[in-house]
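Residue numbering begins at 1 within each chain, and the chains themselves are lettered A, B, C and D in the order written.
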Amino acid sequence: MKKFSSEIELRGHLIDSLILTKVFDGIMDHGGSFEVLDIQVGKKKKDESYAKLLVTGKNARNLKIILNYVYRQGATSKTQKNVKLVTASKDMVMPDNFYSTTNNPTQIFLNNKWVNVENMMMDKCIILKGKKAVCIPIRQVKKGDKIVVGENGVKITPPVRPREGMNVFEFMGSGSSSERPTQHIAKKVAEDIRRTKKSGGKIVLVGGPAIVHTGAVEAVSTLIRHGYIDAILAGNALAVHDIEYATLGTSLGMNVRDGTLAVRGHRNHMEAINAVFKAGSIKKMVKSKKLRSGIMYECVKKNVPFVLAGSLRDDGPLPDVITDITLAQKKYKEIIKDASLIIMVATMLHSIATGNMLPANVKVIVVDINQPTVTKLMDRGTWQALGIVSDAGAFLPMVAKEL
Amino acid sequence: MKKFSSEIELRGHLIDSLILTKVFDGIMDHGGSFEVLDIQVGKKKKDESYAKLLVTGKNARNLKIILNYVYRQGATSKTQKNVKLVTASKDMVMPDNFYSTTNNPTQIFLNNKWVNVENMMMDKCIILKGKKAVCIPIRQVKKGDKIVVGENGVKITPPVRPREGMNVFEFMGSGSSSERPTQHIAKKVAEDIRRTKKSGGKIVLVGGPAIVHTGAVEAVSTLIRHGYIDAILAGNALAVHDIEYATLGTSLGMNVRDGTLAVRGHRNHMEAINAVFKAGSIKKMVKSKKLRSGIMYECVKKNVPFVLAGSLRDDGPLPDVITDITLAQKKYKEIIKDASLIIMVATMLHSIATGNMLPANVKVIVVDINQPTVTKLMDRGTWQALGIVSDAGAFLPMVAKEL
Amino acid sequence: MKKFSSEIELRGHLIDSLILTKVFDGIMDHGGSFEVLDIQVGKKKKDESYAKLLVTGKNARNLKIILNYVYRQGATSKTQKNVKLVTASKDMVMPDNFYSTTNNPTQIFLNNKWVNVENMMMDKCIILKGKKAVCIPIRQVKKGDKIVVGENGVKITPPVRPREGMNVFEFMGSGSSSERPTQHIAKKVAEDIRRTKKSGGKIVLVGGPAIVHTGAVEAVSTLIRHGYIDAILAGNALAVHDIEYATLGTSLGMNVRDGTLAVRGHRNHMEAINAVFKAGSIKKMVKSKKLRSGIMYECVKKNVPFVLAGSLRDDGPLPDVITDITLAQKKYKEIIKDASLIIMVATMLHSIATGNMLPANVKVIVVDINQPTVTKLMDRGTWQALGIVSDAGAFLPMVAKEL
Amino acid sequence: MKKFSSEIELRGHLIDSLILTKVFDGIMDHGGSFEVLDIQVGKKKKDESYAKLLVTGKNARNLKIILNYVYRQGATSKTQKNVKLVTASKDMVMPDNFYSTTNNPTQIFLNNKWVNVENMMMDKCIILKGKKAVCIPIRQVKKGDKIVVGENGVKITPPVRPREGMNVFEFMGSGSSSERPTQHIAKKVAEDIRRTKKSGGKIVLVGGPAIVHTGAVEAVSTLIRHGYIDAILAGNALAVHDIEYATLGTSLGMNVRDGTLAVRGHRNHMEAINAVFKAGSIKKMVKSKKLRSGIMYECVKKNVPFVLAGSLRDDGPLPDVITDITLAQKKYKEIIKDASLIIMVATMLHSIATGNMLPANVKVIVVDINQPTVTKLMDRGTWQALGIVSDAGAFLPMVAKEL
């Protein structure tokens, strides 16, 4: 064995899920070289593959860089060492060289065995909590927390590319495009929603106010009423315009029924906000029968939880809006904790925020009229995201009709 | 009266249609000044207004520039002079200072009376043909043609902004937006189509291949079958993919029924092209019963004329495609000559080409998923254009359902 | 005089600034009619115009609707009545029929004289504070506040369309386009910046992280160092990536100097965040010389105030970030209070938020690569907004070079 | 060996270039299964890999489908058969089941040896011409031509993913993004241009009129003058606006020097067209010294060939424009025949057309302000395309400055 070399092992769908390609790429990109010591490609399609490589760097530092990289692709060292832990010196300060997480399932090698890290999210750190390893954000770091540093002793399971399924995620490998059969995609999305619910899955809708503007409130209300939506993540605007529409028939002053501008309509969203303040909250407004239809109404009636996160551009905002964004992030995380399917419609802010908190194995459907937005939201290093460049007001009613 | 001054008159909906604003703007932008000698604003809403201005330029040249500008806004000189004509010295060469047309109704002052110019299009010249004045493109100029030069003796009637109507064009003053109630707009477009046909109007569809990709062939076929479309302007791709879909079920190799990729699908559009070459033409392919459904089929069956214009990116192209673009332009112009409503769907090239040929008084509806495309197509100096940022595959079936 | 009629007066640049057109439109759109009792169009270009109209509604309610509308366009009743005030019954609850503000200069008629409303913003209410009238947001309403209701006794001064100036806002009447001479526009923007500073104006930059990604940090740093920027409004991301770039050379892990991906770069923005937490704040990080260049550094060095507003998608966020968005809104408002020019670069969230707080008379320049974003940001009912569809990394260095 | 099975072989960079992944995918997508009989992964990074698979289909037809698919990925049958040829029965009609080409290097197995196919383009057919195999479009098929049918006996060499180079194509694996360091990318593009010319390569510019509108004429002129551009492919509009700018200072009537609208500017592009018709051609206009600067001028002066292809939206078009698009396609093909680098700027039509004609091994750089356009143009199944979402008027001067 050469001096700056190390043996690594890889297991899984190395060819299908591009893991071997990424490992080869990474070694070469970083100026290293490799020798394939052993390779066993799964003989049949369900079989896993195995590879053992001797990785060589130009020097010790280079080898370390390469190993750091390949560990992130799911490689493990032949001779596994325990993870290294350093104590936080202050609240909200991580030690130097802290391990920054991915959104993939992660294990740490602790006392010579692999321990699962709970609550995985991207760009966080890993702390030890008793015998458990937990992923937490920097603002939750407390002085004295034991935090993982370096890349040794950390194992990632890269997402497996789904094969031979029946769901909507499979037929659109190449991501998103506006040139797809819209009606068919709507049907497939409806099937996926139905299947998810049947198997007891949790579906979360992340939505923006264009749902109201484009006339899709009835479609979403129907989905909630029929039990297809388990929680809603949104901001002030969706709730305000939904309530404006429910009480005054307009969305930002435009009559949704016919697209004309209402008389004095410019003040309608402020009137809706005022009405909620008067009632005290959305729930109280429903109770007092001032609010009798719409997305928020259906949520209250069906006990579907909703989290409204504040944003700098809010008017009001409504009393139900969580104006502190770190608190709002916490509430969002609680909602998505055990979600199976996230449907993101016409909101970049809330969708990106949600995406940042998601483990890689949650399925995501993105619907937006703007292609760059869809492209951006899809880019999460997962195989299970479906981008639909379409119009909420046209697409959601199609989905609702199929359910 | 000052030395470099001239009196002009304006008549019409000077306030409503922004004519007076534009005239004031133009005079000031060009460094001139004006005095309002007389103004009579229509007392009631249907009344026309009248204004007489004394326009003053910094010098003779400046005054001329200003007058040239205001004439284009519909102003006329108090002391009208005959139009000036110069003879073309060669085929396809216009004289210097030729008058370059707008797409508005235009008259020339000839032998002391106003003569209508026929066949108005933008960016062309005006020739005298016997006693008639005709608008022609440069390539049709013949040596010896009498061509209008300068801006004197030319009167334009700016488009009147429609008021108090019932149609879809009125409720969307601010042009296009993706934040509109889609289902309602679809209903309004359907109403406008029905009204146009009832009053004997001609409806022309300008369409791109995304109609096929997004699964809207059946919707368009229905519109044709029910007599709502009087002509189709398109390119090679719409016809190829329509025929590919009709004969093989795919559009560019994608199964339109479910969005999956067909086996050997990449060759399907070439197979469709080959099938038409084999038959000799689309019409012959329908006759021989090899083509039994789709947009092209319905056109042949209903005797709805279609013009397929060639483009540099064509595969094939089909034998029916007019590969010479000056000839294709001529055919397009014949089709739109007496159109009342043009519906442009998902094609920038053919839509801009058609827009260039249209007089300003033809109503235009633009449907495209890409907002900048819609914005660009709407910008024709007309009040009667409606932009819809939506998905052909979702929007057209909605329209068809309402008819 | 008919039964449901009322006389109104209009003064100002009625033709230039489209006020008369909008008043005519509004009356007709709402089903009313009008008679022009008197009109005097300014004889020369600087003269104001005057119009007296008799407005007639179909019934009392219709007349009221129409009057409400025309008052918003700057019309005043011939027989002015005092503004109506109603007392707030609870904290954060406005009375029914509260007057919802515009972003235009506004006066209320109180004790028979016009009183200016201070601190104008859009979609807020007006309260009486001693003898002063102040515009406040709903969350600042206190029980007992006297709040303006209805539309009577409120006068608005619509924005005057600027004429004959020298600045960059004038040559681009038609809003934004990607088909403009970029280098020239950069020069014009530079001139405007210089002129604004010369005349003692305050320039505020609203910026997003693409400034860092596209390599424009040096350009912005230069602008700050040379005193061209008086304050910065941004979010967590701009600061994080600026500090990441200053300390590690990367932006979201990409080496900005050459666009390659850095080794372990994915953790760099978390490392930058950790470094600020370790120092305690951005200012302390500059003091301790850990931060030695970049936008944040220059701000600290030059005492240029910055406000970092939290957003749901933040990593960290930095200790300097205001995580409560109502507080962040308040801080933003303090910054823009006396701004003359706002430059918005590559951030929709912070730009819209800022736009919502701006009175109509503040000049705004918007730079974004995405045309729909620019279009949306421009739509503030002002004549003084300039949209530039360009690339921050290409455009800002051009501007900096010209200064 | 099972009944519906066949042995295939694969050679090359099977892991790096994703070939093995695609083959596995395809077999499974089509419902087949496989057994890995042998696999030798290149031990070191430059080594090629080899794989032998036993592919099994559900039935004879299914196996054939699968084999057709894997052959297109570069697989070859263990027992190679000669290619099958069928004679064309008519001009412009290909036989049923004709082989539809890709843009990859292709060989056919003829008389028991592999013969290279010349002049590869996508979506064409292969004919035998003497002993040579040539790729031709359908309109060039002559009765009696021997045309390849089916997928047997055809071998493709998939594009190799470039490794360890120095050029601009390597650092941007993930395609295009607007969030890249613009100045650095401009420098890299300049380096690539210089390197290409040094090694004797041919550089072709495909450009749209936004080059003129955004003020990049001087930059492109400099590139031509210094010998960096070997040919220009464009349409009528680029030439018209370039000549309009050179002779009148405007582009579509806008003064490029300052972005203002010229007096009577609307007629300027027609005047430019008329000036060329008067001269007879662009070349004659240069000779007669009426045209003294700009892109077209530099081409004539430097003997850089240009092809102007007609399009349906052309005004004029200029006498130099090839109005028949099949002829224009032919001329385009002649130009790109031996090109090493194609730079596509701000034109979707001409860029897609050019892309359709290109073999996969030609490097392509795409510059456009609109991200979906860039994404669409990049999607050519090649590893050597670089998309830059930027502004021609800002980006090209940066490139020119670096050269």
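A few comments on the model shown:
The rule is short, and it goes like this: a contact is a pair of C-beta atoms (placed from the backbone, for glycine too) under 8 Å apart; a residue touches a chain by one contact, two chains touch by 3 or more.
Keep in mind it's a predicted model, so treat the numbers as computed, not measured.
Chains that touch both chain C and chain D are the following: A, B.
Summarising the inter-chain layout, the chain whose CA centre lies farthest from the centre of chain A is B. Chain A and chain C have Cα centroids separated by 33 Å.
Chain A and chain D, compared by their mean Cα positions, are separated by 37 Å. Chain C has residues 178, 370-372 in contact with two or more other chains.
Chain D contributes residues 15-16, 18, 20-21, 24-25, 27-28, 33-36, 39, 41-45, 51, 163-164, 178, 371-372, 375 to its touches with chain A in the complex. Contacts from chain A toward chain C in the complex involve residues 30, 65, 68-69, 90, 92-94, 98-100, 102, 123, 125, 137-139, 151, 235, 263-264, 266-267, 269-271, 273-274, 277-278, 309-317, 319, 323-326, 328-329, 332, 348-350, 352-353, 356, 370, 372.
Those residues of chain A that touch chain B in the complex are listed here as 171-172, 178-186, 188, 210, 213-216, 254, 256-260, 369-371, 389-395, 397-398.
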